[in-house]
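Provided herewith is a single structure, encoded as structure tokens, for subsequent inquiry.
Lettered A, B, C, D, E, F, G and H in written order, each chain numbered from 1.
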């Protein structure tokens, strides 16, 4: 129920001013006291409610998922969560899946159709895999075809150059790198596709927990690069989907 | 001339190994000693060579533009430059234009057709205008229709809410904000379109030259937001174009 | 015109859905393209529109003030501005005043009555005066009685202790200090009145442009201290007024 | 016994110079060697001694509380403490209570009357709850009525807008948010009530342990916002009480 | 007049409670509104009032010095000031002197006797001279014998080793260094005399305006080193005097 | 054996050039491969070798202490160490003592005479005790009389003012404080004795692991304050001893 | 197989364009999905593939080493790894060795000849040993003679001066230091040999996890110093080898 | 005259102990009070005294150069200096040269022979030229052959790949880059020659005055890279010479 319909109903005398006011207030979210679940979100921003698992107790996750089930949610993504949380979700949604590398739980009762162009995730090193996989699983969950090109950091440029085909075939490129994060600039210089750069906290010392890679990517001498938070594979997959939806290309 | 053609010519005996090697080396860029102009770039990354004016001497700008003219460049963008540089460009390209608010010079002998969907640039405050206009002029130069919605910072939320139509009509949203940069999160929460956030250095004290807005945007609680460098209106316009090209929608 | 009235009018058939929608959109602010003036603000947040002068051109300030005059604004505050801007405002509002120490222009055609309790501004040093005066002028403009107790930094504790009467007489205390900002903690420990701490950029070296004083104030071992941005005298005066309005005490 | 009385006694010959000097020195606090308990504090700053539990050994907490009991303290607040400390306090004050979410122990033998206006605590996300509850429990302990509006972050603006009633009904607003902390600016833009912003350390990567939210709140484009330290729910509740005491409104 | 005398007078009936209270309040400082001059300071902390010139207007300096003259001040130090301020002081105190390298004005109508042991100021480089001289002039003004050993940075260790005699002859060592500030550690390792380290802002890039030297000195592997603020030659000279006063050695 | 004696011996023909060269090289330290013990240190800098325990293995500590015993060391200080290390030292020196609060082991076979003036250690809070005690034990070990005045933070100024006698009686003041570190400025403003400020890492959030207190102390508006590293109680005690040695006052 | 040979083969008709293209793509590295092993690296950059162990699972290390064994790798270095990983490597290469202090595993089936000049590793303190040994083991593995001069920090300058012979005998000097990192400047000032400075994270408080030593070394007043990342002993040994290879001196 | 000769003379009775002691003290440097010129330096570290011009007055530069002339210095390098300083040097050394791009003055009365291998300086962009030229002029002055490969940033990788011949022909590679500094990693991955990375302050916003490029280079995923201070072209040229001297290859 959107605001225009509410206004139309009011105009047509089907609802009172108080009712209209109430409907606007009680548009579809539910207040569990510790969480306000926004069922309006899927319509509004084109994505089912995502549960950011970090810092939520098992009880809170259970309460949220149970409420979603009550509201007939079909597709749910829980990020940064644990096996214990997975067990809880599985009781409610028996077909739920757990991805241990990136610590995601998915429920896909009615999966999004994979009718969009290709997203490729490039990584600089093996240690970046948890972040990469968070991007991959998120983008696949949202209905995208995703390819992985891992461990192609610029210290061995030939490894990247051997996979330039993926640069050309993709609609959107996600580049995941820690340390100095140079891979984003190099990939950005090779393409006119949108590049989403994900700095990772991998490295030590002067990497400052990923700030060095982050700053590096923001200063990329190649234009056309948008950056998300350190280790934010989910955000990269989500933004890539938003871009890919526009293109409509398979 | 791309690498595949060079290899084919070699295979067919039309050129020697030495020639092939030489052609790869001398693929279309020209070395002015202080600058290597990459005429291959337009093909490779879909954008004409852009001259980043900051820190270049007038002599260097003149040399680069003159070389471009010799190579029959039709469309040129010089960013962060001065009236003096404009005068120099104008001698070579009499139809060059200068945009004083964002300090850009454009040459558009053969303008890109504006056959793509809408990009809207939102700003939090009046003082962000130079950055906004850098984004607008860049995106228009690259063949996009661009609208401006300025001074709609979150301290007066009604101003933004009154222009939600623009959120819906656009393919890509650019959000420019200094101070705490909250506008990016708020816009990001209202849409499933890709949002490009541009922190600005506007503000004082704890704004740390724009780092506060930058950090804020990277930590956006709304997903789907990609961030570029502080004050990087050009980069935002460029990335928006790369996204918009994919969509093909008018 | 607030949203409830608009809904009531719609309900009563006095306006159409389209009109209601339009009215919500065109609630009282005016779009000058570079600035959206929010005439709704005074009702909504209890303060006339304030013009933050920094970074605005003289043309923009003129346009905004002229529009305000057209809308019959009676009380205007322009902060961080110049004598040149003052001259422009004075042409429109001949009774405008300029405060050179804190660089504020005020228009008070219909001054707020000074019917609230006392606000006292304490400063650690003489050099903090521009920030102090920004707080004083703002709070007086908004209808408060304000006293000044300047140069009572903790290096000479007797200076502060000699003015404890002002701590007791006031409703709200504003403490302005640069360097190590210790004055906020010391004042905070002496009272149960709300303390607003304003770090200043005064000092050098390890003061990091005011960040040291800011961090110091945030870590205050005395509770009951709220902190605003470095050099933000305006914000302190504004917040002090919001608190003082609640108290209603003279 | 305040300093004026001591002077009067001296003047009247009831005490000697040495006694006066001694009384000033031995005004009501007690030196346990590791802690100096300030029984003068309640009179001076209107709040019973609060024990900041972090970093104190169980022996120290026991010693302090026992001394307080000996001095007939009726209301005690121990923050950032443990179940073990609670057990110790409970032996001395059998009616002590423990709040596990915010790790506070309270003793309320003679509770403060709840005769003041409303304070509302808004939070951006579920994970901010420990900080929110620290503010709530502190403010309630000090005699305030407190309401909770949790999980209304700006990514889903409708959630906040649906609870604007609480903005209007409250004397003081506490806004708790991690990540980019935008909620403080948005709430600040909707009201003329004093807003106390509490950044939290929730988030990851570029949140820099809460510094990003802190900087964001300090740069708030909405005026009228005072900021306390990261995760300092206690400080927010304490300052809110100091403001609320002024207003006297129920 | 100290507090004990005031109390004794009260006890003896020579003054009333009100008078005692007033005397405590009006102990010797004078409130010029923009500055509170603390004539009690010389007794209390053993140093004449020092005027920190940075950020004070010429009018303010004039007012302060004139008031001091009225109060018969004999010895005055104005730091970080200008020739213009010097001219003003000279009108009031014709024998005032100006030290252009460190921008200090001194008035020495009744110079402190130089009856204390030696202070030596070591510097790493020529560029540190303004800071060194601020320390030298301050310490000499306060009655110390001071020697200079300049440009003995650790890149040429022999230069320092050739002047070890000065390390042995001095009571207190001041070490002034920019860049990496290693001189403090090296000198600290060669002596059991107190070492006061003064980082300077000299250098560029990763010197971070002197923060690198500051951090270096704080992390000195040689113990016995106390650090003052970046470029704070005055503070070093002042602290050296406080130490030297204790020793009483010539 | 110092360098002058070596030269004299050479001159007198008692040793050859090679021997002189060798003696300079083999001046009294011993190379354990992982540690070079500097027995020359006591003569040179007036302090027995101190073992910084952090990061040393038990084997290394054992080896160093055993070598010292072999060289007849009488007084040894091991800082930041463990009960396990203590057990090892005790096997070699049965009279060794362990101070668990500050984690120091001392060996005092021939204690330094306590023939110097008073050093007083002030702390802002109970939680600063480990750092305070490190300073106390170090200074006592080096032959100083030390008093403790703990938990006198500026939030309750009366606590500090009640102990001003200790400020007057001492030769050197050590001020230990975390959070905003304001105690150093307040004490510094009350005395002309040298003040050594020790920031601690106590606090949370914007305390930045003690950097806020450190910066605060460096920016102290009171002059005469020298700062040591965060939590460096040992360094403060050591520097206080170096100053106190100069004074010779009991 | 290098690119010139591929082109020659193509020219000579021995391979087709497609084959050439394929060969360039499939130059010698192998894609294990999580890792791309670059067998081309030894030829290209003169070093066998090194496995950075941090963050790799045991399964990944096993997979990489097994693939290397299949490809007949003779010399392998695994850094920052564990005993568990060592056990795995040992199953494949029974002669593998583990260095517990620096956590390195080496395989040296066909050791590099030690036919190059001397590299000496200097350290400031005992606690720097893990980093030093990482440099030593790396450089020895790559065929260098390496000497250790440990615990010669500048607080006891004589310790360093006694080992100046090693400065003169070496081709390359590696200086490892935490805290203030001054040793790099002092060594740099004593020689014209290349100095590689390695900051360590040793220290506490204002050492900022090694950033202070790092900044110090970058600001070295002695020229001729190149710096690597904090704790990067491997990088120092590797760069020292690259320099030493050039010299060819034994 | 080195220390061994002094000792031999003493032994042989040619000088007294006092004379020896004096000679050690007065080894060849000269104390101009503001500068100690170290004529021993050329012998000791293989480089003539270099004058760092920044922050030196014209008088100081004149004094230093005049003293050098008196001491028959033949080769002098003055960095970061001005045309005015050049005029002064030219009066003393009429053949002095000025390099305006990098602001260096050289005196080469007896130039170093260019008998060493090649050093190549790569730069990412045109704006890095002042830093590059500082490296080039320094290295040439010290007797090296130097080539320039400018404006080959990674955004256009083909530009760099076209000049790989220079990577192979050189003994030492200097890589100069601002923004994200990725060029150092890419070059480092292509060679086993020592790479000296020079971050520049070029860029804006999140480049943090060059800190981003610096951090990037320190985190280089390619090993074999040593980093110097931001904009430190001189240091890079100097270190490159120290390395190149070892190799002896032409």
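By definition in this document, a residue touches a chain if its C-beta (ideal position, glycine included) is under 8 Å from a C-beta of that chain, and two chains touch if they have at least 3 such contacts.
All of these numbers come straight from a predicted model, not from anything done at the bench.
Novice: So which of A-C, A-G or A-H matches D-F, with over half of the contact pairs the same residue numbers?
Specialist: The chain pair with the recurring interface is A-G.
Novice: Answer with same or different: of all residue numbers used at the interface between chain F and chain G, are over half used by both copies?
Specialist: Different: fewer than half of the residue numbers at the chain F-chain G interface appear in both copies.
Novice: With contacts defined as at the top, give the pair, A-C or A-H, that has more of them.
Specialist: Ranking A-C and A-H by C-beta contacts puts A-H first.
Novice: Can you give the whole-Å distance between the Cα centres of chain D and chain E?
Specialist: 41
Novice: What is the distance in Å between the mean C-alpha positions of chain B and chain E?
Specialist: 53
Novice: If you average the CA atoms of chain A and of chain B, how many Å lie between those two points?
Specialist: The separation of the two C-alpha centroids amounts to 26 Å.
Novice: Centre to centre, by mean C-alpha position, how many angstrom separate chain B and chain H?
Specialist: The computed centroid separation for chain B versus chain H comes out at 38 Å.
Novice: Where in chain H do residues touch two or more other chains at once?
Specialist: 44, 125, 156, 189-190, 205-208, 211, 214, 218-219, 223, 229-230
Novice: Per the touch rule above, enumerate the chain pairs that touch, sorted by label.
Specialist: A-B, A-C, A-D, A-G, A-H, B-C, B-D, B-G, B-H, C-D, C-E, C-F, D-E, D-F, E-F, E-G, E-H, F-G, F-H, G-H
Novice: Within their complex, state which residues of chain F touch chain C.
Specialist: Those in contact with chain C are residues 124-125, 153-157, 179-182, 185-186, 188-190, 203, 205-208, 211-213, 215-223.
Novice: How about chain D: which of its residues touch chain A in the complex?
Specialist: Listed in rising order, the residues are 125-127, 129, 148, 150-152, 156, 158-159, 161-163, 202, 204-208.
Novice: Can you name the residues of chain C that touch chain A in the complex?
Specialist: Within the complex, chain C touches chain A at residues 4, 7-8, 10-11, 13, 16-17, 20-21.
Novice: Of all residues in chain G, which touch chain H in the complex?
Specialist: Result: residues 44-47, 50, 117, 171-172, 189-194, 196, 214, 218-219, 223-230, 234-235, 238-239, 242-249 of chain G touch chain H.
Novice: For the complex, which residues does chain C have touching chain B?
Specialist: Residues in contact with chain B: 24-27, 29, 31, 33-36, 38, 40-41, 44, 52, 54-56, 60, 199, 201, 209-211, 214, 229-232.
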